[in-house]
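A short worksheet on the structure shown next.
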Amino acid sequence: MNKERLPRDVLAMRIAKELEDGSYVNLGIGQPTLVANYIPPEKLVIFHSENGVIGVGPMPEPEDEDPDLCNAGGQPVTTIAGACFVSHADSFALVRGRHLDVAVLGGLQVSETGDLANWIRPGRGVGGIGGAADIARGAKRIYVMMEHTTKDGERKIVRRCDYPLTGQGVVHTIFTDLAVIRVTPQGLVLLEVAPGWTPEEVQALTEPHLTVSPDLREIAL
Amino acid sequence: MNKERLPRDVLAMRIAKELEDGSYVNLGIGQPTLVANYIPPEKLVIFHSENGVIGVGPMPEPEDEDPDLCNAGGQPVTTIAGACFVSHADSFALVRGRHLDVAVLGGLQVSETGDLANWIRPGRGVGGIGGAADIARGAKRIYVMMEHTTKDGERKIVRRCDYPLTGQGVVHTIFTDLAVIRVTPQGLVLLEVAPGWTPEEVQALTEPHLTVSPDLREIAL
Amino acid sequence: MAGRPVYHNALEAIAGINDGATVMIGGFAARGVPTRLVLALRDRAPKDLTIITNDTSGGWGGRVDCSLLVEARLVRKVIASWPVPASTAVVTPLEQQLRAGEIELEVVPQGTLAERIRAAGAGIGAFYTPTGVGTPFAEGKEVRSIDGQDFLLEYPLSAGFALIRGFRADTLGNLVYRKAARNFNPPMATAARVTIAEVDAVVPAGDLDPEAVVTPGIYVHRLLVPE
Amino acid sequence: MAGRPVYHNALEAIAGINDGATVMIGGFAARGVPTRLVLALRDRAPKDLTIITNDTSGGWGGRVDCSLLVEARLVRKVIASWPVPASTAVVTPLEQQLRAGEIELEVVPQGTLAERIRAAGAGIGAFYTPTGVGTPFAEGKEVRSIDGQDFLLEYPLSAGFALIRGFRADTLGNLVYRKAARNFNPPMATAARVTIAEVDAVVPAGDLDPEAVVTPGIYVHRLLVPE
C-alpha cells in the first residue's frame, strides 16, 4: 500500500476542527496532545489534564519550565489565564461525572460496538492504566486518534477487541490516518476518507463492515 | 425533688474540662454551644461547625456580625486565627470519616446501650434532622449534654428510646445536671454525681440500672 | 467564546426553569442563598417544582430563603435536612401544605444530602454510608455489613438546575465563595444540568488565584451579576 | 497546645513506620512527592511495606519517587495506577520483583484509586463506579445495574501513614499546595491514621487565606519543614 496516509499533525488538525468553542477537552498521553497545537485563536477550548490542571496551555521553553507543573504524561506545560488546580479526587469526580465534553484518546484496538483497548498489549504481563479507564467511561464523547493499521499492517478496527479493554462501548468517533468513522447503534459508519482513498480501500483495512455515509466526504481541514 | 441541680453553665464547665488540648470538637445546636465559653485560654480546642467552619470563635458584638458567617444554629459567630472554610460535602466527609474527637449533643432520650434520640418528638409529624444523625455516628466520642429528667419529671435515660433515633449505640458519656454516666458494653456506669446527691437518688430518676463506679466522685470543676 | 454568559437580569438568568423542574438551591440558615435568583424564580412562578436545599424553615430574621417558594405554592416536593423550625410556635406554610397533603417532603440527614449531591456530580452510582443506621432514615433502604459495620445504600441526587451563590467569578465561570456562604453551593454546582451562579462581581480570567478557585468554571453555565 | 508538631529531621518525622506498615505516598509523575520523607523512609528501611501511590514507574529525569522504595526491596505490595513505564525498553525493579514472585501488585484505575482513598477519609463504606465495567478491572467485583447503567462496587483504601507534600502549612496544620503538585496529596491526607506533611514553610495560624486552605489541619498530624 503505497498511497499516502495523513501525517499525524494533519490528523491532529482534523480533530482540532471538531472541537467546539467553549468546550472542555481531555487529551490522552502521546499523539492526542498534538491536537492542542491546532486550535485557532478565536476558538476557546479548555484542556483538562487528569492530574488536576484545568486550563492547560502550551509547552514552555525549557528555561520557563515549572517543576510543579506537568500534564498527564509528565511533560512540562503552562497554564492559560483562568486555569485552576484541583486534587486527583476532584479531577476524577469531574471526569466520572460526565462533565468533559470530549476526550481524545489513543487506541490499540477499537471494536465495532465502540469498545476501546488502549492500555496494554496482551503479551506484557504488567501495564499502567493511569486515568484511561475513567476518562474512556467519563467524557461525553470519546474520540479515538490512531493509525488505521499497525506498523505490521494489522487491522486495529476489529469486530471484537482481543486486547484487554479500557472501556466497553465508549467510543463515539474514530479518527485515523485514513478515515473518520462514527460508532452508531447500527454499527460503524464511514463519514470521511483521506484524500485519494476510496471507501473500498478503507474497508479492506477494517475488519467489521463499514456503512458508507450518504454524505461521505474527503477529510478536509 | 427540691435539691439543687447543676445550672447549665456549670454543666458546660464540666464538659469543657473533659475536652483535651488540641482536640477537634463539634457542639450541637442549643445548650452545647455554651461549652465553648469555658475553655481556658491555655487549652486549644478547635470547634467545627457542620456548615463548613473549622475554627469557630466566640459570638461577635452585634456591630461586628458578618452576614456570611454563622454556626450550625444560624447564630452569628467569629473565627479564630487558623480557621478555614469548607463546603458541606467536605464538612461531612470530615464528620463521617471519624476525624472529630468529640461531639457534644443535646438529648431527648438516651438508652442504656447508647442509642440517642434528639431530633423529633413522637407527636410531631415533621422535624428537621439537620446534621445530627451524621455527627452522632461520625465523631469518635459522643457526649450528651442534657437535663437528667424532663420538665415534667419524666426520665430521659431509658432502657429503650421510644422517640425516633438519631443514632444507634453511639453515646460515649452522658453529662446531666445530676450525674456523669459512661455507656459501656456492660451497661451504664455512674461516674460522678452532683454535689449533695446520692447514687440512689440518681438511680431513682434513671430507668436502666446504673453500676456505681468504684471511683465514684462528686462533679467538680 | 469569551467565556460563560453573564446576565444582569435575574429573570433572564433563570430562563428554562419550567413547571415540574427539579431545582437545587444553595444556602444554609439563609447564608449563601442566591437571593436574586430565588426571588426571580418566585416571580417566574413555575409550578410543581422539586426543590433540593438544606433548609426551608424560614425565620432567619427576614432573610430570603427557599421557604418563600413553598409559601408561593410553587413546590410539589421538598428534599431537605431541616424543613421546619425547631420551635413549634409557628406553623409554617410547609407544615400547612403537608397537613393538607398538598406537598411531599423527604427529610435527609445533612451529610447524606451533601454526599448524594456530590455523588451525582462525581458520577458515583450509589454509596454506602454509616449515617442513619438503626434510625427512621434507614427505612426501606438496603443495609450492608462491611468489615463488621452496617451501612445504608444511598443514591445520587441530581437536578435540572442549580441556583447557587458565589462571591466572585471570573469570565470562565471559576468561583470563589465567602466564609460560611460556601456551604452547599460547591456540591450543587456539580450536580445540575444547568448551574446558575449569582455573584457580586465577574473579574477577568486570570484574576482569581488559581490555587483558591473552589468551583471550576466547567461546572458553571450562567452568571448573574449586578449591573 | 500551640498546634501540630513541627520536625526538621525527616527520620524523626516518620517515627513509627515499622515493618508491615501501609503507607500512602503523594505525587504524580514525580511532582508533589514528599521527597525528604521518601528518602528518610528508604533510610529507615522497614520491610514488607504496602505502598499506595499513583505511580512507581520511575524515570522522571532522576527525580525522587516511590520506585526507589521498591528498588530497595522494602515493599511487599504496590497499589498504583501506573506501576511501570509505557516503554518496555527498561525492565524496572518492580517488574523484576514481579517476575520473581517477590512483590504483589494491584493496578487500579487512577480515578478509582483517588475515590477509594477519598472514601476511606470520608467514612464511605463502599461505592459504585462506572469506571472499568467490562474491562479486566471488573474481575471479581460485584456489578450492579442502577438506572439501566452498570457499576462496579469498590471499597475504601486507608493507611497507617500518609506521606504528603504541601507547599505551605500554618501551625495548626492547614495546608496549601502548589500547582500540579497538589494531585493525590489532599485525599491521602484524609485517609491515614497519621498524616505527615512535608512543606516548604510553616507560617503562623491566620497567615494562610482561610478561603484557600485545601487541607484543613485536622487531617495533618506532623509537619516536616527545612531548618
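By letter and in written order, the chains are A, B, C and D; residue numbering begins at 1 in each of them.
Everything below uses one rule, namely that a residue touches a chain if its C-beta (ideal position, glycine included) is under 8 Å from a C-beta of that chain, and two chains touch if they have at least 3 such contacts.
Computed from a predicted structure; not experimentally measured.
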Intersection of contact sets, chain B vs chain D, gives C
Larger contact count among A-C and A-D belongs to A-D
Rounded to the nearest Å, the gap separating the Cα centres of chain A and chain C is 35
Could you state the distance in Å from the CA-based centre of chain A to that of chain B?
-> 56
So, what's the distance in Å between the C-alpha centres of chain C and chain B?
-> 29
So which stretches of chain C touch two or more other chains?
-> 115, 118, 122-124, 129-130, 177-179, 210-211, 214
Which chain B residues sit where two or more other chains touch them?
-> 79, 85-86, 92-93, 95-96, 138
Which chains touch which?
-> A-C, A-D, B-C, B-D, C-D
Chain A contact footprint on chain C (complex, rising order) = 1-3, 118, 120-124, 170-172, 174, 190, 204-206, 208, 210-211, 213, 216-219
Touch list for chain B against partner chain D, complex | 21-22, 24, 43-44, 46, 48, 54-55, 79-86, 92-100, 138
Chain A contact footprint on chain D (complex, rising order) = 28-32, 54-55, 57, 60, 80-86, 88, 94-95, 98-99, 105, 107-115, 117-118, 129-137, 177-187, 214
Chain C residues within the chain D interface of the complex | 115, 119, 122-130, 144, 146-147, 149, 151, 155, 176-179, 209-212, 214
Within their complex, chain B touches chain C through residues 29, 49-53, 66-70, 73-74, 79, 85-89, 91-93, 95-96, 115, 124-135, 137-138, 164-169
